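Lettered A, B, C and D in written order, each chain numbered from 1.
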Amino acid sequence: MSGNTFGKLFTVTTFGESHGLALGAIVDGCPPGIELSEADLQADLDRRRPGTSRHTTQRREPDQVKILSGVFEGRTTGTSIGLLIENTDQRSKDYSKIKDQFRPAHADYTYHHKYGERDYRGGGRSSARETAMRVAAGAIAKKYLASQGIVVRGYMSQLGELAIEFRDWEAVNDNPFFCPDPERVPELEAYMDQLRRDQDSVGAKITVTAEGLPPGLGEPVFDRLDAELAHGLMSINAVKGVEIGDGFASVAQRGSQHRDEMTPEGFLSNHAGGVLGGISSGQTLIAHLALKPTSSITIPGRSIDVDGNPVEVVTKGRHDPCVGIRATPIAEAMMALTLMDHLLRHRAQNSDVRVSTPRLR
Amino acid sequence: MSGNTFGKLFTVTTFGESHGLALGAIVDGCPPGIELSEADLQADLDRRRPGTSRHTTQRREPDQVKILSGVFEGRTTGTSIGLLIENTDQRSKDYSKIKDQFRPAHADYTYHHKYGERDYRGGGRSSARETAMRVAAGAIAKKYLASQGIVVRGYMSQLGELAIEFRDWEAVNDNPFFCPDPERVPELEAYMDQLRRDQDSVGAKITVTAEGLPPGLGEPVFDRLDAELAHGLMSINAVKGVEIGDGFASVAQRGSQHRDEMTPEGFLSNHAGGVLGGISSGQTLIAHLALKPTSSITIPGRSIDVDGNPVEVVTKGRHDPCVGIRATPIAEAMMALTLMDHLLRHRAQNSDVRVSTPRLR
Amino acid sequence: MSGNTFGKLFTVTTFGESHGLALGAIVDGCPPGIELSEADLQADLDRRRPGTSRHTTQRREPDQVKILSGVFEGRTTGTSIGLLIENTDQRSKDYSKIKDQFRPAHADYTYHHKYGERDYRGGGRSSARETAMRVAAGAIAKKYLASQGIVVRGYMSQLGELAIEFRDWEAVNDNPFFCPDPERVPELEAYMDQLRRDQDSVGAKITVTAEGLPPGLGEPVFDRLDAELAHGLMSINAVKGVEIGDGFASVAQRGSQHRDEMTPEGFLSNHAGGVLGGISSGQTLIAHLALKPTSSITIPGRSIDVDGNPVEVVTKGRHDPCVGIRATPIAEAMMALTLMDHLLRHRAQNSDVRVSTPRLR
Amino acid sequence: MSGNTFGKLFTVTTFGESHGLALGAIVDGCPPGIELSEADLQADLDRRRPGTSRHTTQRREPDQVKILSGVFEGRTTGTSIGLLIENTDQRSKDYSKIKDQFRPAHADYTYHHKYGERDYRGGGRSSARETAMRVAAGAIAKKYLASQGIVVRGYMSQLGELAIEFRDWEAVNDNPFFCPDPERVPELEAYMDQLRRDQDSVGAKITVTAEGLPPGLGEPVFDRLDAELAHGLMSINAVKGVEIGDGFASVAQRGSQHRDEMTPEGFLSNHAGGVLGGISSGQTLIAHLALKPTSSITIPGRSIDVDGNPVEVVTKGRHDPCVGIRATPIAEAMMALTLMDHLLRHRAQNSDVRVSTPRLR
């Protein structure tokens, strides 16, 4: 309950620092009998992996995941699943400078005040490197959800000032940005190249969806599906905002415009983003998340040291100029974990329920 | 864990349907020795109470809260606090129409599929009437937080298309909109009057803040302060989006612009909204939430009944034309509950920590 | 998480002091569609009710329970169930004596040190009066379990030095002791009468069982069925020991003697008490619990007051000379709540599992 | 919540099968700033380690634990601690026999029915090998508790029919039985040698204590200290009973005899075992646990196979003839984990409490 566990029934507990020996996770509550191999997890890990294009950090981590328990003869046994990724490229360097000062917009200052102690190497526990384990665990959830006809996937919908219209899913995994419009990719590359020349960073917006959901997932009143999803997505490093469906655009909408009317053929629109009263409606679940620009830039910034003295900080090292670029698989993972948890929670209480009313999409 | 509990250490568990006998809550984990009376809770309940202006539902509920346990001789004892509000204006009416059909954009369809059974009177458990208990419980949290120098308060920052600039806190409680700019109130009133003539509804945006926080609240990596706050705020009826600090505006910002530099005199800006790495920085905590327009409007809408046949739905009755108008005290309550929980969680683990570094604002 | 909630999926959260306004509970996670009325709960409450024989406290409480939510048109809706019992016989008396001194073997001293504050009237929250809500909530669990073919029931197996052999279930509810052997009742009555003359109290042992369980309930490794059951039973006031199956007698047994062999016709014995590896085997679940003698006796005892001065304490008032006498329905409730929670937890994870192996009894 | 996590604030989540690649744990909620090294954990692991005397299994496991995160420059950082022990002696053998049949008194039958799948090698997850991680995690708790003046330790109080009187703590770690009376050791050795000749096994009773506790630990009403301790101890493999203080002997005691009177000089007795009303009194916390005889014996036993056919089972391999012999460090670990969790929970809610009343022992 100290914050390193996500979920109530399908739980993921993680450990690991950016420059520690390893990252690990325990996935508990996984249904037994699912075919699962390390390759299933590796696919998503490779999508999140650093160093695969010039637009992300040049840290070289194979991020090779090992399954240490909970899978026997290729199938899950229902017992807890231990996952491990060893850190291989922790590149020894001199940390004497960063040790006693707080990088602006980083967690240095807050970790220092909270814990008194901190592993300052590469941000320690506060580094986005931690998200590798989310992706590994999320891949288990995704696999099970897929077996139930539920597909979770995402894309980048904005890079800095550049809004991106969705075109098609095929394109998303064919470029380093998870851009759903292949024609926009050169523009994004030029944008990032200019940003690197400016030695600056920029934010991004990610859209993540789930298709094929049954109606009924979500536990009112506090553990609504959208509330838990917001929790999961907002817990990703650098995320500053979460929207469900029309999100903030709903503020200026009229009731007659926002409401999704129903006919025997299905819903006529999806402003709600697939959630009504905190419970999945069976429509596509849609969430957007805003990621702030990377804090690690080489433009000097004002800060203080542990004694309160003013210092000027320049963050050198290997950093993503836009953390949002690698965020799509992480957002998918958090949505998958949220859905998996709610699928099990729903079954626990409502497995006796039989309703003859047709399901709409 | 079925969704009616919020918090991990300072927990609030609620019950109650819109037209049932009563609403209730159990607040567990409250520190002992706090002076507490029903009047402390009533003040915020009265701010949320329906029927106090022509711009909200005309349901007449005194919302008189009783403290049934956990307080002895005027002070909390550390045992669980039982709260009760009896429903007095459940106005008996004919529900035969709504019983078997699903109001668009309401939780009727999803509750039906989830549970098979539902209390259809006034939305049952899915009604925003449930939030009265959040406000009552939140008032306990607010009172304790205030004793620690932490002030939680909010205001309406947008009504439909009308964005509202913050002017001063004094004005907020002097008008039915929680509008922080007294000069804008006539405009808001005219806007709402027109909306009523249109028989339509509209959304709203609320801003809620906490001042006086110590640095250190929030539990990485999943139970970050902003993640749990997003959970709490998104769990409020009709909320479709949550932002921390600059929120979605961060997407188009540069790293050099977004980062909040520090000097011995304090932070130079607050784009982060008071959270770094999921932990409070000591700056003002700032969150925005988007509420969708009320779904209950008298303009007919297409829907289906429980057998899947098409129906036309007209929602009569006493409804808020903008649920956002009464949402400010609810948002404050959810922020207060989140902070209270994290204050206790922080103490549990970190009460030995002593840091000589000065705290910034 | 501050201790007033039991269960993870089927949760019961309670409040209420011995001499407060009311006792209450919120039952969350109840499957929808169960026929439920106040009469279902009242039956067990009446079995636990004080003042029904001369062998229990003479406090007169009707213990009339009200269902305030979660049930609509006679069936559960899946939303949280609010329960309330008003205290009617809190008999005002002078508490000035007990206010500042600690009754030996009571919770006065420990509550004082833990919370600083305490409601000293009748023991406040530490009074066994609190168990009324356990019984009310347990009755809901019992009803659902019964619909699944699972019967939970118990009896007194020892009163003071008098061990009682099980004879038949019919007799149990026909005497104030829950004694399963009608021929022993006069002996028990004489024993209690002598005890009252001695102004002393005595302990008791209760046996509680569940028949009709499916194999598979219990979550290894920490949340084993027996471990959670021990938790639930040990949480009952005055309980000092819990055994599963042969319990402490297992210590002196040989492996060849203790193990329950299996044949196609069923298990050949039940030393294990229905649990293997923390998971129900389908045999009868058997637990025994030891209750200490009531602490409230009129024989003077040495103690201290809040300032540390020696005092002599005589506990007057209306007390059970053997708290174990009314403990049988409470033990049943805790077993039912434990099983209900585990039934739902099992379903959540394992609803896909199909095994062709026959089930044994 | 699927059972592989213990604790609410100081949580331990474990994974690992008897013959899998590794065992692991994540310890979350550990206070920062504690000096901690692998050697601190290894000491207790070595006490539990198999193969150290002829009276325990001959499996040779070095049980070398690695700390993978959460400790930096020799001190805990407050982030989650990853622990790993690689299995080195999983001795490949032919499992074709045991694969499809259920060893009597083992978890084979219940795991099979619960999960459909199971790792049958050496009992998989149901093996007591899992307890190594409890001991490793418990050592962290013990170290912190010791820094607060709290000492947790245990001993064997009965081996089969042989009850053992406590003599002195010095002797406990000097013999393979954790026998507190050095003069009894030869008798125990002879007893075990005879048992081995009989190819049978036997149960044991362990006593575990905590000295130096402050009054106030334990959360009424359900999460009483004794209830959570019973949970923890009963979750240890083979445990069939738990007593607090006088336990089952309390049944035949009178109130005047059981109650622990208080004087300014301290308590006059400790029948309660250090807990009143579910809260620590400051006296020594005392618990006893009963372990059943090992189920793995070479005397043939009747059982069935997965198709329901009768089979005769002979359990060959390397097994402890008395699982209780190595149980003392495990019981200590579970008590330490329980106390650590409750220490943090107490601090969370009650850190403001100041009481001038003297503390008794």
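Simple rule for what comes next: a residue touches a chain if its C-beta (ideal position, glycine included) is under 8 Å from a C-beta of that chain, and two chains touch if they have at least 3 such contacts.
Owing to the predicted nature of the structure, the values given are computational and were not obtained by experimental measurement.
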item: Comparison of B-C and B-D by number of C-beta pairs in contact, larger one; value: B-C
item: Distance from chain D to chain C - Cα centre to Cα centre, in angstrom; value: 26
item: CA centroid of chain B to CA centroid of chain D, Å; value: 45
item: Whole-Å separation of chain centres (CA-atom averages), chain B against chain C; value: 38
item: Residue numbers of chain D (touch at least two other chains); value: 1-5, 8-9, 14, 29, 32-33, 78-79, 114-116, 125, 220, 345, 349-350, 353
item: Topology of the chain contact graph, where touching chains are joined (line, ring, star, complete, other); value: complete
item: Chain B - residues contacting chain C, complex; value: 1-5, 8-11, 13-17, 20-24, 26, 28-29, 32-33, 66, 68-70, 72, 75-82, 84, 114-119, 124-125
item: Touch list for chain D against partner chain C, complex; value: 1-6, 8-9, 14, 102, 104-107, 109-116, 125-126, 130, 158, 160-161, 198, 200-205, 214-224, 226-235, 237, 239-248, 250-264, 268, 271-273, 275-282, 290-297, 299, 301-304, 306-310, 324, 345-346, 349-350, 353-360
item: Chain B-touching residues of chain D, taken from the complex the two chains share; value: 1, 8-9, 29-33, 78-79, 220, 344-345, 347-353
